[in-house]
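Multiple structures follow.
Two complexes follow with chain A in common, the first pairing it with chain B and the second with chain C.
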Partner chain A sequence: MTKFILRRIVISIPVIFLVATTTFFILRLAPGGPFLSERAIPPEIQANLQAKYGLDQPLLVQYGRYLSSLLRLDLGPSYKYPERTVNDIIREGFPVSLQLGLAALVIALLLGIPAGVFAAVKHRAVLDRLTMSVVMLGISLPTFVVGPMLIFVFSLTLYWFPPALWGEPSQLVLPAITLALPYSVYIARLTRTEMLEILDQDYIRTARAKGAGEFRVLWRHALNGGLLPVVSFLGPAVADLTTGSIVIEKIFAIPGLGRFFVESAFSRDYTTVMGTVLFYSVLLIGANLVVDILYRVLDPRIEYR
Partner chain B sequence: MKIRVASIPQLAPDPVISSLSPRAVVWSRLSRDPWMMTCAIALGAVLLSTILAPWIAPYPYDQIELRLGASAPSWNHWMGTDTLGRDLLSRCFYGGQISIAVGVVGTLVSLVIGVLYGSISGYRGGRTDELMMRFVDLLYSLPYLFLVIILLVFFSSSILMLFVALGLVQWLTMARIVRGQVLSLKNAEFIQAARVSGTNDIGILFRHLLPNMAGPIVVYATLTVPSVILQEAFLSFLGLGVQPPRSSWGTLISDGAGVMGLFPWLVFFPAIALAVVLFALNFLGDGLRDALDPRQRHD
Partner chain C sequence: MSVDAVLSIQGLKTYFFTRSGIARAVDDVSLEVRPGETLGIVGESGSGKSVTFLSVLRLVPPPGKTVSGEIIFEGQDLLQMPLQKLRNIRGKRIGIVFQDPMTSLNPFLRIGDQVAETLLVHEKISRNKALDRAVGILEKVGISDAASRLEDYPHRFSGGMRQRVMIASALIANPSLLIADEPTTALDVTIQAQVLDLFTHIKSEFSTAIVLITHNLGIVAGMADHAAVMYSGRVVEYAKTTDLFAHPRHPYTLALLKTLPRPGDMQPSVQPIPGMPPDLTCLPRGCSFFDRCAFRMDRCLEESPPLISFGPGHQASCWVDIEKGQNPVSE
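Then we have the complex of A and B:
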């Protein structure tokens, strides 16, 4: 196990290096720059700004400097907010995105797994079709439709939850539900398919024959195996939850990392863009590793490679 | 000594084997299912309306009538007009063209890359396969939407860039599926027969392997189209998709969502159009997968 984890970490290092390199060169080769705004800046000031951030140096020198500061885990100063570093921005924005993502993940699991099990038990009955249709409707409505709809109903009409901003638990409810819905749908489908297969297997018949109650058969014997695909889905889901929250953060005016990223991309804030992408890459690689470990714990048939 | 030739046992016609080809079985399963047919018809209708947009749209999509402002649905404008007085029905028809085109082209890009990559990886096997699949694993753990956003912001957000960027995101899963199929098929007897009869690798791949894995590929492609359409909509919502005055369903919805409290029809109709197409494609994809599943042949 330790060997497996170590190997994966060693493999990840060149990937992170690759991400840093590609983002660096994509950004530099693209036209435009952080200090070329519509407002005309006197050329002297422009040159001073460029010099201050080392943008007047040859590209390779800049690249070398960037890499060496990365080794010190320093993502550099933000060009757009000169008083803050990229590390500050991530420290500020990420906990917000993380809370939102985790809340959404919990909601997605709580909605998706029971729905999937229910549909599998009622396989081919009207109720299965109905559950799966409702579930499918969930994927067919994009979050930026569901979000405003929820705001319209629960904030502007019923006054149950605040429509936007961040800080209080009640402000977490609507964005988390909006973010969770599409994932609960995927989880429901995965659970249903897997449960259908498992409910046909011998060990389930054995459990029934030994007199286990239907409830116990479903939730203990069958679900244990039925959750495997859900677990492997969680790796990419964490990825999607973090990136999907870009839109949610925009709708609900939440000061998360996704919003900082989009803003910094539009204002060509090189360092913030590179820093955020790099940060998320490390996060996702970590999340996938955790999922792989979990998978092996849940399914002892898988060998460590 | 006399050699006794064993008599060849007479093969009795098996009453269970039906004469239907696999394709006919799939078709009969789908066509017997009223849900599937409803989805197919709905999808066909929407597709047709977007293709025929230049002839059936009552107004040009960019004809501004400020005097009308945002007017509610009426006889002259079935879906109402947007804040600039443009006819929403016409804009939905034309928007569909772009949304569906992005979905289809993005899927095709991912299909070409994924099938080539996956089949090479599976067919070569061994170290090549190991290396190529590790690479896919690694790419899986990249924040894609972020990279797409970077590409679109820093280069132009033209439709062409959109096609390429979205296709590049989608090919990974396709590559995995194709590779798995190739691995399971490449030692089958009919492939060995083809090899013995002198077919080269390319011939085996395209003439023999690909046709036999069309099922899973078609199913996954059907499910990819809606996800690409949805991603285009996401990007449009962030202001990175199709640029005005052209619009996709995504841009229409995102424009409408801003004024939802005042003019709800502006978000309602494009959202319905998008939802119908996504719902139908997802449902058909799932149905196809079930119909193609050989384990369900008996019912």
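Then we have the complex of A and C:
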């Protein structure tokens, strides 16, 4: 197992290198630059800025410098926010997005798995159709509709939770639910499909033949296998959820990481784009590794060499 | 039918309500199993032999449904009792071994837990005590050093070993009836012999009544006290095994026996049965074996023969007394 983890980590180094290289060159191919704005900046200041960040150097030199600072885990200064480095931005935004994302993940699993199991058990009955209709509704509603709706109902009408801002645990509730909803819906569908498959297996019949009740059949015999697709979905889901969403952050005024992905791209804030993309890739690789380890725990037939 | 039967099936009908019509998988089957005896059930695929005994534990998958009949087990009708009560009988009083040991064990659970589960479900017993008894029963079914294998998952076991595990989990609660649904069909021939030896051993050691479902006449000959031959959802012949082999009374049984190669024959004289079993969704009015029968006559086309007694404990559903040598239809 340790060997497997080590090998996976070693393999991911070239992947990260490739991501860094691709983002670096693709960004430079895009028209514009960090210091071009609608307001004309005098060419001397422009040149000074370029020189300050080394943007006047040949591209390959810039690339080499970028890689060498990467080796020191330094993602460089932000061009848009001169007083902060990209490391600062991530250090400040990520804990917020992480909390929100993990809360959303827990909600998504707690809603999605039971809903999926329930729908599978009530297969083809009215309750299955009803559950899956609610689920379809959840898929169809975009977050920028659900978020304001939740604010309207639970903050402005019922006064249960604050409508926005960050810091109090109660401020976590509405954005976490909004963020969780589409994921819970997807998890419910995955769980239902796989549970339907598993409940048809011979070993489920064996369990019933031993006298096991439906509760035991479901949660002990069927769920383990039924969760495998959910687990593999969790890798990308965790990376997505914990790096924030600009829509949620705008609606609920949350100082998360999500907006930097979008805003830095618009402002050609090269280092911030590359930093956040790399950070996302590392999270994704890490989450997928955890998923593979979880898989091993859930499915004894898989052995890692 | 005698009162002392462990299991008595009366007029059982289990139909599958499919899109293409109602398939009469089990159509008016009556059978009984006496304490300690082994009843062999023979028939080709689709003859209703498995579905009959899945009906006993009410494990017939949809769209199958038992529509009528009685299944009296130890004095109670299993078809009438609430599912909650039936669960106390499943596994505890009636054990069942399925055909394919590769798919019948849960790949996600440890062997020990799967064998011990039968006890944990039915008795107030600690997991450790249940596992101890699992070791005992696993060794009895021929898994050596069972204690060290409790933590293993099924994929580490061969097919024969898995079938032993299945048998162990069916026997651990000491049932009075063991149903074995083609327990050797999915196994290699050498492993088949070992598993059959195990059943012989079980017969002598556990005094459990066994229902042995198979399409292999040889297995019935070697193991069963009584045998029932099934064809298109019905029992067409029932007799002591020795009688059945010495004096088959139903043309289908006779035809089945002729499909066996006889030892000593210089030239193999295996005769396959011509034709195909009928479509269960549209059975003929008369005898369902008519199309393939070598003894058929006009009456068979009109009237389906009931089980007729051909001597003590020997019944067959045929209008013709094939031993009296009515002329076989030549084609």
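The rule is short, and it goes like this: the second predicted complex is superposed on the first by the 298 of 305 C-alpha atoms of A that agree within 3 Å, B and C clash if a C-alpha of one lies under 4 Å from a C-alpha of the other, contacts with A are read in each partner's own complex, and residues count from 1 in each chain.
Quick note on the criterion: a contact is a pair of C-beta atoms (placed from the backbone, for glycine too) under 8 Å apart; a residue touches a chain by one contact, two chains touch by 3 or more.
The structure presented is a predicted model; accordingly, all values stated were derived computationally and were not measured.
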Three-chain arrangement built on chain A, chain B and chain C clash or fit: fit
Partner chain(s) touched by A:208 [first = chain B, second = chain C, both, neither]: second
Partner chain(s) touched by A:225 [first = chain B, second = chain C, both, neither]: second
Chain B or chain C, by number of chain A residues touched: B
Which superposed partner A:2 touches (first chain B, second chain C, both, neither): neither
Degrees between the directions from chain A toward chain B and toward chain C, using C-alpha centres, nearest 10: 70
Which of chain B and chain C A:216 touches, first, second, both or neither: second
Touching partner for A:139 - first (chain B), second (chain C), both, neither: first
First (chain B), second (chain C), both or neither touched by A:298: second
Smallest separation in angstrom, by C-alpha atoms, between chain B and chain C in the superposition: 5
Interface residues of chain A shared between complexes with chain B and chain C: none
Interfacial residue positions of chain C with respect to chain A in the complex: 57, 59, 61, 87-92, 96, 98, 100, 103-109, 117-118, 121-122, 153, 155, 166, 169
Residues of chain A touching chain C in the complex: 200-203, 205-213, 216, 220-221, 224-225, 298-301
Chain B partner contacts - residues on chain A that touch it in the complex: 11-12, 15, 19, 23, 26-27, 30-32, 129, 133, 136-137, 139-142, 144-145, 147-149, 152, 156, 189, 235-236, 239, 242-244, 246-247, 250-251, 261-262, 265-266, 268, 273, 276-277, 280-281, 284-285, 287-288
For the chain B and chain A complex, residues of the former touching the latter: 35, 134, 138, 140-147, 149-151, 153-155, 226, 230, 233-234, 237-238, 250, 253-254, 257, 260-261, 267, 271, 274-276, 278-279, 282-283, 286
